[in-house]
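Below is a structure I'd like to ask you about.
Just so it is clear, A, B, C, D, E and F label the chains in written order, and each chain counts residues from 1 on its own.
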Amino acid sequence: MSSSISAFIASSSHLGGFTMYAAMFGVTAFVIALALNLYRLIRGSNTEDRILALDTAYINSLALTVLLGIVFNTAVFFEAALVIALLGFLGTVVMAKFLHQGDIVE
Amino acid sequence: MMPIWLDVLIAGFIVIGAVFALIGSYGLAKLGDFVKRIHGPTKASTLGVGAVLMASMLYFSFTTKSPSVHELLIVLFLFLTAPVSAHMLMRAARLRLRESIPRLDESENRGTADERR
Amino acid sequence: FLGAVALLFVGNGQRKFAGWLAGVFTLAGFALLLTLAPMVWNGEVPRFRVEWLPSLGVGFGLRLDGLAFLFGGLILGIGALVVLYGVYYLADNDPPARFFALLLFFMGAMLGVVLADNLILLVVFWELTSLSSFLLIGFWRHREDARQGARMALAVTGIGGLALLAGVLLIGKVVGSYDLDVVLASKVVLQQSPMFVPILLLVLLGAFTKSAQFPFHFWLPHAMAAPTPVSAYLHSATMVKAGVFLLARLYPALGDNDVWFWIVSTVGMVTLLMGAVIAIFQHDLKGLLAYSTISHLGLITLLFGLDTPLAVVAGVFHIINHAVFKASLFMAAGIIDHETGSRDMRQLNGLWKSMPITATLAIVACAAMAGVPLVNGFLSKEMFFMEATAVDTHRLLQLAMPIAATIAGMASVAYSLRFIHDVFFNGEPVGLSKTPNEPPRFMRVPVEILVVLCLVVGVFPAYTVGPLLSVAAQATLNLPSVAQMPQYTLAIWHGFNLPLLMSAIAMAGGVTVYVLLQRKINLHTVVKLPGDAKVLFDVFIENITVIAGALTRLTQNGSLQRYLLLIIITAIAGGVAAVWLYPAVGVTSSVPMESANLMVVAIALVGIIASIGTVVMYRERLTALIFMGAAGLVVALTFVYFSAPDLALTQLLVEVVSIILMMATLNFLPKQSKPEAAGRRHVNWRDAIIASAAGLGVSWIVYQVLTRPFNSISPYYLQTTVPQGGGANAVNVIIVDFRGFDTLGEIAVLGMAGLIVALLLRGLIVPASNGNSPFGAAFEAKMPEVARQSLLLQVISTLLLPVAIMVSIYFYLRGHNLPGGGFIAGLIFAIALILQYVAFGQARVEASFKLDYGKWVGWGLLAAGLTGMGSWLVGFPFLTSTFKYFSVPLIGAVPIASAMFFDLGVFLCVIGGTMLALATIGRLSQPAKEAA
Amino acid sequence: MSLALLVALGVGVLMACGVYLLLRARTFDMVLGLTLVSYAVNLFIFFMGRLAVGKAPIIRAGVPETLTNYADPLPQALVLTAIVISFGMTAVLLAIAVRSHAENGHDHVDEEGRSGVAVDTPPIPGRTPK
Amino acid sequence: MKRWIPQPLVSAMLLLVWLALNNTLHAAHLLLGGLLAIAIPLWTSRVSIGKPKPRQLLTVIALACIVLYDIIKSNIDVAILILGPEKNIKPSFVWVPLDLTHPHAKAALAGIITMTPGTLSSDFSEDGKYLLVHALNVADAAALVATIKARYELPLMEIFE
Amino acid sequence: MMAFALQHLAILPIAIALLAATLTLVVGERRLAQQRAIAWIAIALLLSCGALAVLRTSSGEMFVYLMSNWRAPFGIALAVDKLTAIMLLLTSFIGAVVMAAQTSSRRPVGTYFYPLFMLQLMGLNGAFLTADLFNLFVFFEVLLAASYGMLLQHPDRARTNAATHYVVINLLGSALFLIAASLLYGVTGTLNMADLSLKINALGPQSRALVAVAGFTLLVVFAIKAALLPLNFWLTGTYRAAALPVAALFALMTKVGVVAIVRTLTLIYPDGSAIHSHMSQALLVIAPLTMLMAACGALSARDVSTLIGWSVVGSAGMLVTAIAIGEPKALSGALFYLIGSTVATALLFLNAASLDQAGARVTSVGEAGGRQWAWTGALFVIGGAAMAGVPPLSGFIGKATILAGSASHSAQVWVWTAVLLAGMLSILAYARMGSRLFWKRDAALVLGACRAWGVESENWPQRGRFLPDLQPHSPAMGQKDGENWIAAVGLQPTIPKSDRLLGASLVPTGVLAIALVCLTIFAAPVQRFTDQAAAELKRPQIMIGNVLGKLPQQKPVVPVPVTGVNK
């Protein structure tokens, strides 16, 4: 695993020292957050819980994408984050509405 | 090379954001009831993401030598849309609870919810 | 130019003819044939040839040698008589045009068989005779026996035809040509080839089935369901003779060896005896004639099998004789049938009184059949007896042959006698539906002509049939000139010799047998006919059909899962086979292996668990969908991590729209997946194993590829995307320019998807399917005070719509240089619209924006297509992109690429297709609005 | 664990899950299965261009245009096409699923009378107004 | 004016969005963004719920500051709640009677309540006069209602009505 | 004009169809007359393109078209060789006939018929034209998507159920195609088929397994399309459910798979490699078995559509057998057979459509329907004979040539046995079906006649006594009997004569029958062409040289002010 960390550091050598470690911490934290979302997704117990878990996973992914943009020093992932922010909620809304009244488009 | 203050600032935002997001997701995983769980992620995540986006803004404003404001858009969109998700989920979840919720002012002013119908 | 006439026949056979027209054509053909007679007599072979199948080296060629002349004469001559006869025979309400058209069609085919100058053409016409005889036998289509008889004839002769085809193709392979001249001259090559025995067997199979030789004889009696003119023509003179014609035709190439001798003579002899004996026991006139025909064909076959030149001559002679007397007998039988309404000899008795002329004619013809002196049948029978006694190849055969010949002769006398006695004498008719009378004058003429021929040939053989026989036999033996013919004499009287004795014995024996049989067992009471192979055939066909049906049902059981499983297993098997065949795998790994960091492992695990979750939870469909969404999210993250921003964007957007579509349809489907019937647990395990194998295979391939060095055409794209493609985003430039054509097809598919959803669901009204789930419409009953629509959602939606459109345009404009493009823009636009649908309901949205999404698809495709064609105007290939920088005051250089118009088409098409699908599904539950 | 092995396993699991669901007998399950299969296939195509981290194929000035500096753009373009097509086909299949359920009264993929076809609800009369 | 720019505020927002998207103040983008900002609402305004006519920009900014402060503060509170033992959490639904009538104002209130941690707007009553709020930890429901009405609803009243 | 057509010959068949599809969409759903006019114009143009392609390629030319003006293998190349030319002409011809059938049919066209029809032709043409493997996938999808739409015209229960199977199976096929194509890219780094051929040839031994996996998977995909055993089971159900004119169009569907197999075996993995011979061996097992299976299926078929469906399977088996044999003569025979069997299939399906108008698809028509039925019967005989390979029609010619071409092959005995046996069974099957359809006189026959004449069928249940009357009682029962019978029981046809409609529906089938006869009579020029086409296929270097050697047109150089982007 140490080799993988050094490779990771190598890929983020453009960063300042604090930022680099913060980014590593951030990435790890968001991945753990994703894993926690998955835990809730599996546990349930209700469909709402699962939808909520997925919704949270979307938000965490957004943050992860932004962080990766910093790590890789590229802005090309900005659009993906933008799209999640703008339209990612629609999936949640539709599922919730489905739970609520079945028909999502009346 | 990045000035140290900026480095620290960016790092700080990232750490704050990550911590809040993590706590939010932890809450989602830990808490025992849907109506409790939903409080965790819908907010902690938004602040978490907000902080990370601040970091991104600062970072890219520095690297491209021009202010990077489009991260603000993400924040804006998130603040517009996140309440809707939570709102809709709560609406759905309330169906499962199937309980009437008494209104504080009703007992004093207008009677019970049942009378209202 | 004889061919021209033959062609005319085939061609005209399709059209409608009145009977006389048919007659005229036949006579014209006959006349034409006669004009060619002198050439044939002089030993010339008139030919006609046009190119036809160059791949096979086969032309459409005709040649008229003696044998062909003989058969041509029979076909056309007897054909003309049959046509004349048929005019009177057919019932009023039988369609004459179709009858004569088919008859002419058959005649043309038969002529083709005898005239063909190459074997392929011969097979072609051969099969045509089968086909046309199928149609002729089944002419009385309403009769079950006619249909069955026709099918049986087709089946048997068809099998033979295919065998013949195989034999002919083998001959072509050995000899190197299908040309008859070449083949006939290649006897040595052929007979020394290792393929000779298969060739011979296949060809003989063809000949024997056609000529109803044992054991393929059974179809002929059942073909008697045909109208009598057909029987008279096909089953006496022509079609059944095609088999013996083939024997005669190929005799020079295939004959003159032991295999030929044993097979042909044995089959011939068995057929001869069996046919003759069975014929005695027939009650049906035509049945008797049919078995008699089988027997005589056996005789001819036997003669060819004896494998001596003289026997061949006898065979050719008997072909002529048999054709003449058998045709007349069939016609006579037809007259009787026509006049009495019956062909049953148990009913027919004493017709001598009512129709003496017909009786006389029939008696003479029967005499020929029996081989009575002074009639033509006698001559060829004598020659046969002569050859039978001359067999000296084997001691046993030397003895058996004359005995068999005599027995056959006896039987033929017996059944001829029965024909005469049982029909024209033997008391009074029993239970006839009509009063018998003499037939119309011209119906009898053909019979008269043929009977006169019998007599003339019988009395003056050397002057009448001699020359014809000699050229025909010469051609059969493929001798260069008549001079080399073996010595034979055509005379009634050869002096007292063994054949004459045999004839006498046969005569006396035959009479005795008939009388004895009639006395002792009374032939009328024999019910069960011995040796009818029809039963066997029926069982055979029935079994084939049953087996075929079972096989089909077994494999094609209507289970989609089975089909999918087969496909997957086949694919896996292909992969396994590939690795097994080429085991040198994974030898080198020159690529430095990057190891995975914790983050990637964790994300991959999330994705893996999510997809497994989808499977585990699949019975709860909504839950499975959520898991699937998570898996899709991980896929998008994977695209992010591995440098594919466009893919990540697209994946996210498509994911959102897909989930919406699935939710919208799930409303009309069961929310739970019902478990299958009990006892299918092993099926699940089987599926799991197959699925795992598929997954493992894919993993293996990916790993193999990833550990290999890579040389690709891609650097070209990276290098040219900016200078020649005008965009920095290589992916987008590939999509709209390098491989813009793919994109054109892709949007066509997407647009069509929308159209298909619309055409499938439009107008359909389906109530939501709630099953036993707590979701959906159940809500309305229980919590009526809750608002259906969310105010918050509505407000936010109205705000987001313009913003999303703005973002969509942003993506559209910048796709060429950065992630984005028409597709992504279109999806964002569509999602923004969907949001309105979700927030406000379909009716309100569609009332506000009048949208015909089908047209959007059309305009989108049109824009993309026209962009492509635009480059034609400047002489470049389809979709060639150009870009120009326009300098605009205040703003500077603005790039306008033609690819942008193409992308506009993509944009429109994506919106149109997506929205058309969604709007149609949304409309499913709205009966009220449908009316409005 | 090497990155290559990891992604290979990921694709394989997706594929296996998709195939298993595809082999279920009900329309919606098949849709889920086909979606997973298409995820797997898209990733498969994508990885055929090898792995590149942090090298999006968007040309930056001054960076030599080789595959060492940029991810392979071609498989990405192919995946885009594949995503779009499978999305359209998913829509079609969903529509067929709805129609089939309305026509047959069940969502089994085979016609009634086959072994294992359980009719779970009486046929819903889908009607087509004139 | 009204005909060509039906929703001036939306148009202004769109222009800002455009500039932010492109991260620029370039003249070309100002022009293009302006054009789009005018053109898009012409089409989209066909579906709308009321017309937002916010006044008092200062109040808006003040409210924004309050909300931002509350977000940060209550984020910390919630974090502590989550990390602490679960038995300390006493969630409850509370109906908040509304004086707001403008749909945008109601939506804004609902959004603010959700964004500030610890509370979450769950639903509007059917007549639109109550907002159902769920709070993670409710000691005094009446106090919560009062806080919401004073801290958020009042400024919104000023802004929208 | 001519120069233009020649320059863009390869794209025209696609562009015309696309343009027509878009125009029919844009004019609006309700304006069917305009849509039909557009479709007919497009068909006429497509026919001209096909004819032009055949004429020009017969003189030895090969047209390569560089899409978007990028040189192959970087851009997508289209190529018109002789095989493609044949397929283009055949496609437009069948398309025209199906259009004619649809025009003359009583049934109105379904939703979006014309756009989907045009896109169907576009997909077919594209699949035949493209020289790029991934582009082939795209056009497969186009033609499949269109075929889903065509299958689901006037959707009903049977069609929906058939479509479920058809769509799912093809989606799985598409996934496999993507895997195979991208795997080839992953190993060789290219997608152009000509370039693939070169690159595969140059690969080291350790990559051969992967290339073989890709090749086998491709074969599986194409075998699904061509309906080879054991991947053929989707076909008969689909064809049976489809509207019959649509099924006639589907006659081309399996041929796409066959042509793709030809390309696989002659271009991507040409003669001489181990993979090629393994592929051939596998196909030589599978394809003859397919033929036999199809013959069994045909024999057990209970209705015409199923019978024809199985014949389609059988003809695919025959074609692939010939391709796997690979001798030039066998290939030439296969091409000839391909033309003939496609036309015959279309003929049989359209003919069945005429029968269907009397509601007699499953049972029988007999002669009670009058003269039209006699013609229908004659056409059935021609189609069936051509399909079953009865001489002298095209089916026989192709078959005989294939057999002759396989005479020197090691699998000769097996192939010959299968071909001849299958031929025999097919003849039997057609004889059975034909005699039942056109000869048998039973209740269904008169029912069919009544429907054809518009006799109300409500009378039927009450008048059960009719049924015994229908048994044959007179050996000389003639053509008029059916009519007499109907007159006798007092049923008056409410529509006086439906002759006109039926007559019109005979036109397209008649045209096809004439085409079959012409194909037989003028076999010489056709065979010369297929001989040349086969020779061309046997020499892949011609295609490779043409495709990779074609240079893009010089573009004016555009000065680029900015290279790259800010970030």
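Throughout what follows, contacts are C-beta pairs under 8 Å (C-beta built on N, C-alpha and C of every residue); 3 or more make two chains touch, one makes a residue touch a chain.
Source: prediction; values computed, not measured.
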item: If a chain touches chain B and chain E alike, it appears here; value: C
item: Of B-C and C-D, pair with higher C-beta contact tally; value: C-D
item: Relative to chain C, chain with the most remote C-alpha centre; value: E
item: Separation of mean Cα positions, chain F and chain E [Å, integer]; value: 61
item: Distance from chain F to chain A - Cα centre to Cα centre, in angstrom; value: 49
item: Euclidean distance of C-alpha centroids - chain B vs chain D, Å; value: 32
item: Residues of chain C engaged with two or more neighbouring chains; value: 558, 560, 564, 568, 594-596, 625, 641, 645, 666, 698, 701, 705, 710, 712-714, 717, 722, 728, 738-739, 742, 746, 749, 752-753, 756, 760, 779, 785-786, 790, 792-793, 796, 799-800, 803, 807, 817-819, 921
item: Multi-chain contact sites of chain D, meaning residues that touch two or more partners; value: 22, 27, 44, 47-49, 53-54, 56, 58-60, 74, 78, 81, 85, 88-89, 92, 96-97, 99, 109-111
item: Residues of chain F engaged with two or more neighbouring chains; value: 134, 138, 141, 145, 148, 152, 155, 160, 164-165, 168, 172, 179, 183, 185-186, 191, 563-565, 567
item: Complex interface listing, chain B residues touching chain E; value: 20, 23-24, 26-27, 30-33, 35-36, 38-40, 42-44, 46-47, 66-70, 72-73, 79-80, 82-83, 86-87, 90-91, 94, 101-106
item: For the chain A and chain C complex, residues of the former touching the latter; value: 1, 3-5, 7-8, 27-28, 31-32, 34-35, 37-38, 41-42, 44, 47, 50-51, 53-54, 57-58, 61, 64-65, 68, 76-77, 79-80, 82-84, 86-88, 90-91, 93-95, 97-106
item: Chain E residues touching chain B - in the complex, by the definition given at the top; value: 17, 20-23, 71-72, 74-75, 78-79, 82-83, 86, 89, 91, 93-95, 97, 110-111, 114-118, 120-123, 130, 132, 134, 136, 141-142, 145
item: Chain C residues within the chain D interface of the complex; value: 557-561, 564-565, 568, 593-596, 600-601, 604, 607-608, 611-612, 614-615, 618, 621, 624-625, 628, 631-632, 635, 638-639, 641-647, 650-651, 654, 657-658, 661-662, 665-666, 668-670, 673-674, 676-677, 680, 687-688, 690-692, 694-703, 705-707, 710, 712-715, 717-719, 721-722, 728-731, 734-735, 738-739, 742-743, 746-747, 749-750, 752-754, 756-757, 760-761, 763-767, 769, 771, 817-819, 823, 910, 913-914, 917, 920-921, 924, 930-931
item: Chain D-touching residues of chain F, taken from the complex the two chains share; value: 134, 138, 141, 145, 148, 152, 155-157, 160-161, 163-165, 167-168, 171-172, 174-175, 178-179, 182-183, 185-186, 191, 563-565, 567
